[in-house]
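Each of the next two complexes has chain A plus one more chain, namely chain B in the first and chain C in the second.
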Partner chain A sequence: MSGTAEGSVVITHDVGLHARPSVKLTKLAKGFSSTLEIGASADGPWIDAKSIVKVMAMKAKQNSTLFVRAAGADAQAAVEAVIGLVRRDFDEAGDGH
Partner chain B sequence: MGTSHKGIGASDGLFMGPLRRLGSMPSERQATGDAESEAGALQDAIAAAVAGLADLMGRVDGEAQDILGFQVAMLEDDALSAPAFSAIAAGEPAHEAWRAALDSEIAGYEASDDDYFRARAADLRDIRDRVLRNLAGDGASGGGTGVVLAGADIAPTAFLEADWRGGGAIALTQGSTTSHVAMLARARGIPMVVGLGELPNSAAVLAVDGGTGIVLADPDRAQRDVFATEQQAEAASRAGEEHFRLRPATRRDGGRIDILLNVAGVEELDHIDPASCDGIGLMRSEFLFRDGAPLPDEETQYRAYRRFVEWAQGRPVTIRTLDIGGDKPVRGLTPDGEANPFLGLRGVRLTLAREDVFRTQLRALARAAVHGNLKVMVPMVTVPDELARSATLFDACVAELQTQGLACRRPPLGIMVEVPAVAVMPEMFAAADFFSIGSNDLTQYVTASSRDDARVAALNDPAHPAVTALIAKVARFGRDAGIPVSLCGDMASETKHLATLLDTGLTALSVAPSRIARLKAAIAEL
Partner chain C sequence: MTVGIVIVSHSPDVAKGAADMVRQMVGNDVPLGFCGGNPDGGLGTSVEKILAAIDAAWSEDGIAILVDLGGAETNSEMAIEMLPEEKQKKIVICNAPVVEGAVMAATEAWGGGSLADVKRTAEELAPQ
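Let's look at the complex of A and B:
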């Protein structure tokens, strides 16, 4: 069973996709078997959401849109999970930092 | 004769030892000449770096752990090392391949127009050098015990990794007394001096006085002897002072003086017995508002404040509302390009202008107040209206919390006395529940001289009769009007000013935690 899925979400986090959010995003992405990619535009370039080096290199800032796409058995769930994490501000509100 | 260098004392104490340069280059390494063993060497060096960081992570918490977690995630990502392994396959030695791969990554961060991403270049350099040291067989970067770590600035990881069991000190040409490392150094009793400007390149031995901020480079025989004598005297008097640590501060005539603490972070409390003080006289809430980081929400602040009041076990804890501006900018909050930030939008002026930020903090404080003996004070008050507006807002926040069904209490609200206008006319502020004299800013404003500028530092003297007369005036008014008065500036920490302060009638002093025992011992003599 294989499929593809895509979506997009606006980054509301104050300083964008910085170190701590990137660690969370790549850890989450690694939990899916599908290939999972993110990009700053709907036409790519697409980068591997499981690589923190590449995710950080995007330097995605606050209020920019993050495009997400996946291909594989759990593609839909993977895209939803990433979008959910970004929407929840990477679960950073009130985490003691 | 050695050269003397004046910086700013960031953590008390005396220490003399061999200089160890921070951020020094990893040693040279001989390549094996064989691509396969070079690749193996790099693999091992990266694995060892990950293991080293993981070990360190187990010994720290909070932000330090996040920093290390990020470095581990980067090192574990094959995308970081892939260009290096390609270069090794093409015949490059492992260390050169790794350095080139990381340097290109670092250049990408340095080119960013975003401060936050640019700052990550330091993490990448940390990662690069850690692996290079492993390749060269250098061992841990902190290394050595009984050394003086010297350089421009020091990373928290370098402090945490260093072995301080045999003593040591830190001497920085840049750095800050409010940095995370400065707090850690004070808590561990490691002498530290910042802002030295420069140190001779050739220096091999440094004698560091964290109290005066003076560093001697390559002291000669006579200077070493003097320093060693001072060190012994200090150790001896410290031992004598220890006797007083857990006892109430009492004058010869039996009069009690309350000794409170100045703190700027929760981690500072880890090594302090609450029984050694009469409470916290000044908690600087700025530590929650780091420059470049997201503003802390109500829940985050509530949890942090609650930790202080719970630590104090019923003793009073005075938390100062956000005091940024001046020399403490926070992007997005403090104005840019002020001609004279110390006379600009800072302290309560700023929080009243940013009611959203002020509200969040006051709500968090009212919620934390139910867990102990919390008091709140506002900084930089100049006119009574600022206190009145703060009080009204506080009441509104409490009413709001009550309608929301959240447990809360309206704590007493006092003011910092640091603007001369208040010290001259304290009777205008009789609505305050208490006064806390901020002698640092009061001295700076009364003498019109900055203590950060070495050329005028001599003028910045809290013992100037104009300053002490104002302190006495505030103390007298407080006594007559039944308003508690304490003093929380550095003046209280220096025993040479103690007699003057007690003569003003003050009976509560708030000092750095490292000063408790010394101050109590000195009070017993007066």
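Let's look at the complex of A and C:
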């Protein structure tokens, strides 16, 4: 079974998608078999969420919207997981790091 | 299967600090070794310490070494040459910044990337 899914979420974390959040997002993404991509706009450019270098280079800032899309057997779960992580501020207290 | 990461710096503090970042950001699932300083405790690198760090991080899936400056690389090469041939084939030195490269390499290793994937990920970071 295969499918596609997409969604978006506003980054509320203090410093945006910086080092630690990027590692967390990448680690989460690697747990899914679907291709999983993120972008700063609904039209792309899309980058591979499983590539730590590309995710970190994106430098997505606080209050910017992160667009997520996936294709594959667990596409829906993958998109929901990424959005959940961002909504939870990457499971970090906002301590300015 | 997880590739191991070895950090080699001239400074014991830098090596430990980079290792701390890997531990905190990526976690404890990735085999990790680090060393810094010469045998007298000054700035420098030592083949013996590098061998011990490789041993500490050893993984049959391979070892990616991150080095800082000149001697760290040449001493790492010497350390590799002292190992049995079947181990030598499983060790690579990454051409990447030591701190950032270690975090990138460890993230890729955590995800099950091959030794070639881990090296490429660390080196992808190089200034473009």
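We adopt the following convention: the second predicted complex is superposed on the first by the 93 of 97 C-alpha atoms of A that agree within 3 Å, B and C clash if a C-alpha of one lies under 4 Å from a C-alpha of the other, contacts with A are read in each partner's own complex, and residues count from 1 in each chain.
What we mean here is this: a residue touches a chain if its C-beta (ideal position, glycine included) is under 8 Å from a C-beta of that chain, and two chains touch if they have at least 3 such contacts.
Everything numeric in this text was worked out from a predicted model, so none of it was measured.
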Partner chain in contact with A:48 - chain B first, chain C second, else both or neither: first
Touching partner for A:87 - first (chain B), second (chain C), both, neither: neither
Touched partner set for A:20, first chain B, second chain C, both or neither: both
Partner, of chain C and chain B, that touches more residues belonging to chain A: B
Touched partner set for A:30, first chain B, second chain C, both or neither: second
Chain A positions touched by chain B in one structure and by chain C in the second: 19-20, 23, 26-27, 51-53, 56
Sites on chain A touched by chain C in the complex: 19-20, 23, 26-27, 30, 50-53, 56
Chain B-facing residues of chain A, complex: 13-16, 18-20, 22-23, 26-27, 48, 51-54, 56-57, 59, 61, 92-97
In the complex, chain C residues that touch chain A: 24-26, 103-104, 107-108, 110-112, 121, 124-125
Of chain B, residues touching chain A in the complex: 62-63, 66-67, 69-70, 73-74, 77-80, 105, 108, 112, 114, 116-117, 120, 123, 292-300, 303-304
